[in-house]
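Take a look at the structures listed below.
Two complexes are shown next, each including chain A; its partner changes from chain B in the first to chain C in the second.
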Partner chain A sequence: MRAKTASLIVALVGLHLTLLLAGFVAPCDPGAQDRDLPYAPPTRLHFVDASSWHLRPFVYRWSAGPDGYFENKRQSFPVHFLTGGPAYKLLGIFEAKWHLFGVDEPARIALLGTDGFGRDEFSRVLSGGQISVAAGIAATLLALLAGSIFGIVAGYYGRLTDESLMGATELFLSLPWLYFLLGVRAFLPLHLSPARTFLLLTCVIGLIGWARPARLVRGIVLSARSRNYVLAARSFGGSDVYLMWRHILPEVLGLLLTQAALLVPRYIAAEVTLSFFGLGVNEPVASWGNMLSTLQQYSVLVSYAWLLAPAAAMVVTSVIYSILADTLHSRLEFRST
Partner chain B sequence: MKAIARLTLLVCLLAGVCMAAGPSPEKPNPGEELERAGQVSGHYGGNLTIGGRAEPKTLNPVIATDTVSREVIGRMMADLIDINRASQQTEPALAKSWKTSPDGRMFTLQLRKGIRFSDGHPFDADDVVFSFAVYMDENVDSPQRDLLIIDGKPLTVTKVDQYTVRFILPRPYAAAERLFDGLAMLPKHLLEKSYREGKFVQAWSLNTAASEIAGLGPFRLKQYVPGQRVVLERNPYYWKVDSQNERLPYLDELTFLFVGSEDAQVMRFEAGESSMISRLSSDNYNLLARERDRMRAQLADMGPSLEYNFLVFNQNDLRSKKLDAVAQKQQWFRELKFRQAVSAAIDRDSIVRLVYGTRGAPLWGNVGPGNKQWVNTAIPHPQRSVDAARQLLKSASFSWNQAGQLLDSSGKPVEFSIITSSSNTQRMKMATLIQDDLSHLGMQVHVVPLEFRAVIDRVFQSFDYEAAIMALGGGDADPNPEMNVWTTSGTSHLWHLHETEPASPWEREIDQLMQQQMITLDYGKRKQLYDRVQQLIAEHLPFIFLATPNILAVANPRVGNFHPAVLDPYTLWNADELYIRTPIESAAAR
Partner chain C sequence: MSYLGRRLIRAAFLLVGVSILCFLFTEMAPGSFFDEMRLNPQISPETISSLRSRYGLDQSLVVRYGRWLRSALHADFGYSIAYNAPVAPLLWSRAKNTLLLATTGMLLTWLVSIPLGVWAAARSGRMLDKSVRVASSLLVSIPEVVIAVALLAIVVRWRVLPVGGMTSMDDEGLSQWARLQEIASRMLLPTIILTLGESAIIVRHLRASVLEVLDTPFVQAARGLGIGRMRLLFRHVLPVAASPAISLLGFSLAGLLSGSLLVEVICGWPGLGPLILDATLSRDFYLVIGGIMLSALFMVGGNLVADIMLLACDPRIRTGALDAR
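Let's turn to the complex of A and B:
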């Protein structure tokens, strides 16, 4: 159990740290096009050349031939660690030029190949992951905040308040959100900056998603409000806000944590879906959704398997969060028994 | 008893095969003036299945506007004079010959004698007069009507005798015989009633019984299955014969499947469910080329098409619209040096390589290298130059701030959006490349993918856009269909629609040149006039031309006489000559 928890923590921290430091981990500028290398396959790392073994990996340049790309073995390029490269903003604030690894020009290291514009897929998966995962987390926080407020109020006051708020949750649960978003998009200006698009996505996904957590929270509050310690606190003159904050909210915290672990991958998928259909973040900014949208073309889907990398990243992220939800659920259940 | 049962089964099977094979072609008889298709040979039999992207909307040739309907209808109908898609020249069709008066206004057409519609009814001058009356009727509102109204006056059609028809044009019209291409001759005996009752627009819908539809094309309607397919069968009375005096077409049936998208067309083709794709993107062409050894498909790259993709800036008059944000940016868009700088910064070679996989050609004018007869080869093809673009912007009082952002003379950053159809991946790619190219000039460009109809609505109706990537052309090599685009009053004069007066001297000159070339009968003189039009367009850049794709098509190795052309319909223009090869013939053809 401990080993599983430790692995989970390592995976969670590793995933988020990698995405947070995407500019440092990525060897290339995610938006930089290399028009001589469209759809280049992943760069191969070599340890052996014609003469001997090397401890430091090296790469060859891709050259275009009549039958596709081939490795130009006339010159090898060693992989450098903690090396200089294209400028980026670390954590979105600090100007930096250091990268975890890279190779000297004119070679390029594209661990996951390149897309149709010759952009490094690995760098774009990391950069796109920042947008997709951040949108998922922010939308989850928003949904849980709104859901817990409405859920606690509905469960605590009951009667008309409960009925009207739960009626609203039914309305939101039955909303076809993709069409709703299409409608919202039609009212907005033609072009939105990536930051505004991100905010819009987060708000829409979060605000549509509050209904389910609200219903769950309400269920717990309904039973919690009639517990003896709540009744005792009320008889001592505790105000409604005090009771909700001090006695009822702690009851639902466990549920909110589990819900968070479940909702993050779901909302990442929502962002990916929207960007896939061109409703989310647009080119040249990367998101897993708009990267995957090129696979709508049959010829791309069957020819360039490395362009499925964002889907693989999404699966890995979802699995980590699912295990987290499972672990949290088991622990909370164990604690309550 | 068993023997009787087997015999019955065999008879039933044979009857089924015979019924599926469709009607046998009638033997040519001496009273018919048939057209002999020179070197064409093949043999009868077989069904050719084609994967279409959508379902036809109508089978009425007069009101059909969508490509799919026209593709199906075109196989069932015939015109008086046809443009041969291979030679791009006119050739006799239902009219066996024609004479033009010296002033170029009168055309006298001799019709073929003894030929019949697909229901066996004879064809004569009454059908021609009836057909033109329908095409020119304002109430029917045919899309071809505009072509037949010259200077606001309709052409007059007179029956001289049963097989002679005279057309008088309001004024001389260059290449007037090309007008007849695509105008299907209608059976008066079937359609006159609905026309007189004012119900012509409802006639020949997809629900009309096959027996009520007849044409003079190589095929006739057999079956329509909603959502699945249209099946055409051989017209046994078709008016063309091959080199062996055998009546065409060779195919028993021609089936159009409705598959939804180009990708679905490719998948059906790979699965062997369809035998031909009329137009392919370079990505799918290259995909099939990689599988050539396995599939042995006949891949055809016919070279650059007549279509031109372009970037257009909104220069419309927006005074009556509440579009202040767009109107403010129009001072950039109307500045010639701004448009020249954008043109200089665009890397057209990259567009051809990355968008068309080298199966296309860069463009600097409205006539591309595919139109050999009319292209002005003197138009310069400058290489991409960011430095030259920067110089142009500097000379037009643009400047750059410390962050490298381009500012106009009032210090406002240059930022605009390009709309394009989200369903067209090639134009989406072009937009992304242009976005990157223009970022080197400090311009901030946003690519906005919109649903196709939304793009059309913004460009043609609401004018609520800043720039757009679109495509035009491709119908005919002749300059006359381009009148709509380049003359001030044209309905596709996209950069400035509904212009009452030419906004500039060069637009006025283009108006005069286009009108002049339309009434000039001599090809050399017309070419000079149209060369000047192309030069003015290339100099003043109302459109910034990008690239044209090659015409790419594919067919199963068993399809014989597969000769695609650069003019629409690319592969089915010779549907009457297509035939199914035997396996031995297919092997020999390889």
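Let's turn to the complex of A and C:
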């Protein structure tokens, strides 16, 4: 059990740290185009050349030939670790030039191939992941904030407050989420700067999602508000806000954490779906959704399997989060009830 | 029957609420269908404002809502500016295809998940149960977009199935039977994608509730009486275990509708999905509202069906024993 938890934590931290430090881990600038190398397959790492073995992997450059790309074996380029490269902003603040790995110019290392503009797919998966995962997390925070406020208020005050708030949740839950999402998106401006689109998307996704957590929270609050210690605190003259904050909220925390782990991958998928439809984060900013949207052309889908990389990244993220949700569920919620 | 009556009234309120919500959202909208026209120097501002007043876009929210309600009562549900036609017929011609997809998906989902869920629960802890559990939790956690794109990639790459549209271009000369076959073969991929995502959820719930029922005294009594394994599972355990799963029906319908919107766009199935996506992109508000209302209507209908099934399945609801809660 302990080993399992430890590996889960390692996976979680690893995933988010990689995405957070995407500029450092990625060898290329995610926006840098190379019109000579559209749809180049993943660069192969070699250890053996004509003469001998090498401990340090090296790569060859792709050259365009009559039947596709071939490796130009005249010159080999060793892979350097912790090397200088294109400038980027670490965490969005610090100017930096150091990369985890890279090769000397004019060669390029594209571990997951390149897209139609010759941009490095690996770097784009990382920087797109920043956007998508951040959108998922921000939307989750928003949904849980709204959900827990309304849920606690509804459960605590009961009667008319409860009924009107639960009526509102029913309204939100009566719509299939994607229809709802598309509908709300339809009423908002289509073309915006990337930063505003991001903000807008998280708000829309988060505000649509408040209803389910609100209902769950309300259920717990209903039973919590008549516990003896709450009644006792009330008899001492504790105010409503104090009671909710100090005595009711802690009861709900376990549920909120589990819900967060459940909702983050779902909201990542929501962002990806919207961007996939062209209603979310737009080019040139990468997001897993708009990277996948090039696959809507069947010819691209068939020929360039490496462009499915964002999908694989999503699978990894979702699986890690769902294991987290299971673990949290069995640890936190069964203990509290 | 008062149970169903109450549900119906609730459903009507819900639909009105959804429509009000939609109109409140249109108030937030900064642009309109005619924004693109404004960029065109050949169209004068006067033309645009006269168009706006012709479609009633210059009226206040309340007036617009009142007009829309009236047209909804005439079964028009507003007027699509892009298609220059009432919304309802437009939606209906597409909704048939979506419904075909969603209902087939739902039937298939239940066909797959009932035996799997019951079987996995009956052999809990063994190989089959473990593999069902791992597969379902994997499928639940993988987003539908990914499943859809990956399956599409496989299908298109190895040309397993025809994809895109409902029939091939030259379907005029085909006989009725060949057309049907054509539609079925093109429907297969979207349905499989839908079923994969949905049945994973249902299997998990069904397995849990069957496990719970298997522990109850009446099942042990039945076992003691020597009732056969199959009969015990499907005649005695399943009806009891099914009722929590049936109340999931509405929920799973929501998933199916959302999923089918996505799958339709990805696989090029001519359902509501592409229509609403286009309407969203061209800011054709009444069409979007119509689509949302239609999806709400489907949901309400699905929930009513679930209620009726629960009524048939669970005697406690008929006698009102659950109303005390």
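Everything that follows uses one rule, which is that the second predicted complex is superposed on the first by the 317 of 337 C-alpha atoms of A that agree within 3 Å, B and C clash if a C-alpha of one lies under 4 Å from a C-alpha of the other, contacts with A are read in each partner's own complex, and residues count from 1 in each chain.
By definition in this document, a residue touches a chain if its C-beta (ideal position, glycine included) is under 8 Å from a C-beta of that chain, and two chains touch if they have at least 3 such contacts.
All figures in this text were calculated on a predicted structure; none of them were measured in a lab.
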item	value
First, second, both or neither for A:176, with chain B first and chain C second	second
Partner touching more residues of chain A, whether chain B or chain C	C
Contacts of A:322 with chain B and chain C, given as first, second, both or neither	second
Chain B versus chain C as contact partner of A:268, first or second or both or neither	second
Which of chain B and chain C A:278 touches, first, second, both or neither	both
Chain B versus chain C as contact partner of A:33, first or second or both or neither	first
Partner chain in contact with A:302 - chain B first, chain C second, else both or neither	both
Contacts of A:187 with chain B and chain C, given as first, second, both or neither	second
Intersection of chain A interface sets (partners chain B, chain C)	190, 278, 296, 298, 302
Parts of chain B lying in touch with chain A, wherever the complex brings them together	263, 266-267, 281, 283-284, 286-287, 290, 347, 350, 353-354, 417, 419, 422, 425, 429, 431-433, 435-436, 446-449, 464-466
Residues of chain A touching chain B in the complex	31, 33, 35, 38, 116-118, 190-191, 278, 282-284, 294, 296-300, 302-303
In the complex, chain A residues that touch chain C	167, 170-171, 173-180, 182-190, 265-266, 268-269, 272-273, 276-279, 289, 292, 295-296, 298, 301-302, 305, 308, 311, 314-315, 318-319, 321-322, 326
Chain A contact footprint on chain C (complex, rising order)	14, 17-18, 21-22, 25-26, 28-31, 137-138, 140-146, 149-150, 152-153, 156-157, 163-164, 253-255, 257-259, 261-262, 265-266, 276-277, 279-281, 283, 285, 288-289, 291-292, 295-296, 298-300
